[in-house]
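You will see subunit A twice below: alongside subunit B first, and alongside subunit C after that.
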Partner chain A sequence: MTRPRLRRLQLTACLVLTLAAAGAAHADLRNCDNLSDNPGDYKVVLDDFSFASPAAQANTQLAALRETLQFNFTGQLDVLRASARQLDRNLQVPMRLVFCAGRQPSLDGSDFTAARAEQLSDERVVVEMWGKLDLSAAAGGAPSPSARIGYVIPPVQHYVDEADAPPVHVMAYPKTGAVGSIAELENLPELPAFALIGLGTKAAKANRYDLAVWAFTRAEAGIADAKLGGANPRLEALLAYVKRTACETRTTARKDPNYKGPLTLVPAQACAGVEL
Partner chain B sequence: MKRSFGSTLACLILCAVALPAAAGVQSPCADPIILPGPKVQVFIMPYQAQGQLSARGHELATILQRHVLFAALKYPSIAVEELTGEPGEPKGCEPERIMSRVGAKLQDGQAAIFLWGRLFEQGDAIRLQSTLAFTMHGSPDKLQWSLGDAANHASASVPGDPVLFAARQIPLDLLQAIQPAYREARRFHKAPDASSSFFDLPDSPEARFGYEVLETRDDWMHIRLIPGGDDGWVPAHALASADNLKGSFPELYFVDGLIGYHQLWGVGSRPAAANRGRMLELTRASFDRYIQQAAGRAESEARALAMILKGNATLRAAGPGEWSTQTLQQAQALYRDGQELAPTSTIASNFFLACSSALCARGACADGSDQLHEQYLRAIARDPTSTELVTNLDRFYGAAQSGRIRLSVPADQIAEQRARTSRVQREMH
Partner chain C sequence: MTDVEQRVAAVEARLESAFALDARLKTIEGDLRKVKGGSSLRDWLQTLGPYVGGLVVLFVGYWIKDSVTLALEREKLNLAYAQQMPALLKTLDESDSQQVADRNAVALAMYGKYAISPLLDRLELGGDVLPLAAQRGLRIVGFQDSVEACPTFRRVINDRTRRFKWQTHKTLIRVIGQSECADARADLESYRAALAQLGSDEQQLRTFAQRYSADEGFDAETVASLTSEIDRALAIIEQVKT
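Now for the complex of A and B:
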């Protein structure tokens, strides 16, 4: 094990114990110092993956699950980096990964209050991700290793009604269900998809229409990939939001006298129940 | 612990007929060797291991990489180089650095394919996640279609972005299944006959050697070892029974397809007409196998790209002149399949629209020009950042104005739309 990872594990264990003793696991979400750096950049925030208890931390199966998670997660970071490079090259829009050591939001995302969502959105955070590993006991059975991964899309939470687009998503890992490939259950395609939805939402609000539509289109592809891991009504709701908002962005662009870009070439379209 | 398991691996260099015998030398990441002769050079970088690898894990990883080397034997003018890392220089094997070093040394018309990735062993399986990049020195991967006159054409490009594949799980048991095929591929016979006497290539990860293909006869290849000069015959089908491996690791089919793709492209020196048909067949079959094996995985854009490359290979195999309507229709069908595999892919849309525009300009527009016009607008509505799409729409209107493409839109409206498109084009630049 490398030294930084060992240190992170120790820190995680220390924090878990501290938080358990305090009895208020999400009263004080640790701030991420790096967020105010590079204020012009869009950011993907990655928090620590923590163990739910010292017993969980000592469990070898959970340690193995964490390794698998780490491997697949790194793959998704590569996808994100590739998108970020493309974005920067074509549209001169920088997007960076920010690692927040020691920051552990509560599993249900309740730390992300409206005020915090606004602050994160203002800091150009397009998605924040965290995870918790635990031993979950089925009725009458032995405890089995599992992980829960949480995502929040601050711009969606801040600007959009929750009934229109759920901003917080918590997923069990590995996924369960019938899929074409077992390996797909270990995949994490949600991360780049959610990042692009946050980026699209933020860009649409800033009247950066081309960037917003590009991001929504790419997010649509990411959600399609995420759906390979099994049906999920919250993902469907997000997909509907992406399609509708992309359509509305095109409409707004066409009406904006300051906009002279390619969307002026596209005919007007009704956005209710849109299926482009 | 993160380390490059490839740092202990051998360097294998597979050379073409015309290569000097001195070609087979070790090639570290810090100084990759570029051979002057081969048209296509494949660089296999060390896969980065997450955690410890067992002996079986090492063995499987070695076989995976060497499989690319052996599988490439069916193509002429190919070099496959396995790069080795230096202890204490973890950044020496970074893909960007290697691509930059290789790019600076390639000559015009030489193509390079880079394969790298990460691996992780747990329980009875090894997990791999691969990334691929490719480039033809001095020539962007771009095709142009005439829209009726020399001055007006549509174009589409394959971007140079790396292709990321989904992670694969390969059971360590697979070693047993593919060992016989691997053993056969290492066997050098005295004559092109399975019953003739033979000697085995060294199998140790520390072994270093290269190949020169002297001649081919039926299904056999006459190969000389470098250095040393020993020669022998190897059956080209030797690894056919190792398809189990490619089934678990379908990007190997993608690499196969890419090698053929670049051979067909062959800026400056193309294969003879008789060989082009066979090479196209091999190329398309490899991409098809990749698409089939990767079905259901979260890599729709890579599958769509494979389909586009099949279309491009079809056109390039037909030659650089005016493509026949039938050839264009074959390519168009493949581009349409690419669009269906990745409906949001701008690249797939652009290849389909550009090729379809050329067919419409010939009066061979199966779905009608108006529908193609709508598809252009829909593609731009999905990706307003693509200058290629907007430029092609402008050319499409140009062909409509000259009467090459018939639209039901009145002439004055076409003129107005073209003027707007031209303005947008200028804004984008």
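Now for the complex of A and C:
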């Protein structure tokens, strides 16, 4: 077969596959132009929530949830910044919230392909969150808010094998055994923990060892808190990754001749099996 | 001798003289032909001159008419594209899923080299859906017509005027590899060498990043990411060459 003919065939196959894929599925995933603002900052992306029913959409508490989350998470970020500064005056946590209006990824996280993870990681997104809100009524009781919230950690998805550290987590609220309450939805303790894991992963890749180790250490506590809601093997795997990577980052810092920070004072530690 | 006989004798004498003159003329012409050695270019030019002139005028006239017609057709095509592309770009920008964005970017890519600038602009917008679709579109343009596309792709990665983000450079490096732009090899090697000298020094990184539209967020991770993209592109180009 001649080369131009082969090229034509390849092009045709490419077009057919594209058009076939286009017809196969439809997800409500809009571009988030805001991501390119503040290119030096790490970003926590909050998508638009979808509602499971008109009743849920009409519920004022649920409708205002995004704003409440924004307020609460901005507060949590401030606490993180203050805590980092307390540890080291030079330790900056350049992390900000970004809202993506109209963006509603599929609930199972299947929109987050490897290519998208790389793109988001390059845009310095450390975590993206989306979800579906509902009102579920217990037997004979008043309807109470419930939700399925998804989180993806793009740097982890891009750099780490999924078996070592699952990057997508979809969680149901209220958690099993917990009392159903809007308060739980308004705080989402997992969000800062996942954001810190993404931040730590990117900071380690950028040789910002102090920030990476600090983020991993804070994330470890957050994941441990999240595990209180019940056994979750995916969270266990993520926790193991956090411990292992924190140890590896300390080791790399000690070996880096350009690094003169406090991690050089930490005694050497074997990282194999540290997650156990 | 009678008068008639005298007159006949005179006519015979003149006739003989005419034959003698004819014989002399033929001898002279034969000698002249020998001296000249056949017909000259000048003879040919004199003979064919009017025809050649006519033909030259005909061809020049045809060429001028052809060029003008082509230029007019090109302008008509540009105008048609300028009228059709905005609608397609609007649809691309408003895509509500990756599949729809990809489909619109593929349709835009069918305009060939004319689609490169709007697709580059979508890369610059940021986000994920549009840049991923734009990348797909640019890959198709490069695949269809690498002769026209590769020089533009190379201009992007060699740009020092702060027009493009580092992410756009990265995407174009990838597309250069996928489009088998063999002429970009030296550009890629030079880019890789410049990155290799940077290390983790903040000041050096900031100075280097001044070639991009935003110098914030350019760190050791970015350097590693660009370097591995260049390595992949060079590997493809090398593979195609062999």
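The definition used in the following text is that the second predicted complex is superposed on the first by the 183 of 276 C-alpha atoms of A that agree within 3 Å, B and C clash if a C-alpha of one lies under 4 Å from a C-alpha of the other, contacts with A are read in each partner's own complex, and residues count from 1 in each chain.
Quick note on the criterion: contacts are C-beta pairs under 8 Å (C-beta built on N, C-alpha and C of every residue); 3 or more make two chains touch, one makes a residue touch a chain.
All values derive from a computational prediction rather than experimental measurement.
With both structures placed on the common chain, the touch criterion links A:R124 to subunit C but leaves subunit B unconnected.
Look at A:K202: by the touch rule set out above, it reaches subunit C but stays clear of subunit B. In the superposition on chain A, A:A224 contacts subunit B only, with no contact to subunit C. Judged by the touch definition given at the top, the superposed model places A:R116 against subunit C, while subunit B stays out of reach. Comparing which residues of subunit A touch subunit B with which touch subunit C, the overlap is empty.
Subunit A makes touch with subunit C in their complex at residues 7, 10-11, 14-15, 18-19, 21-41, 102, 111, 115-116, 119-120, 122-124, 202, 205-208, 256, 258. Contact residues of subunit A toward subunit B in the complex are 1-2, 64, 67-68, 70-72, 74-75, 78-79, 82, 85-86, 90-91, 179-184, 186-187, 189, 209-211, 213-214, 217-218, 220-221, 224-226, 228-229, 246, 250, 260-267, 269, 276. Those residues of subunit B lying in contact with subunit A across their complex are 1-2, 50-51, 118, 120, 122-123, 127, 129, 131, 161-162, 164, 166-169, 295-301, 342, 344-345, 377-378, 380-385, 389-390, 393, 417, 420-421, 423-424, 427-428.
For subunit C in complex with subunit A, the touching residues are 93, 95-103, 106, 124-132, 136, 140, 143-144, 165, 167, 170, 199-201, 214, 216-217, 219-222, 224-225.
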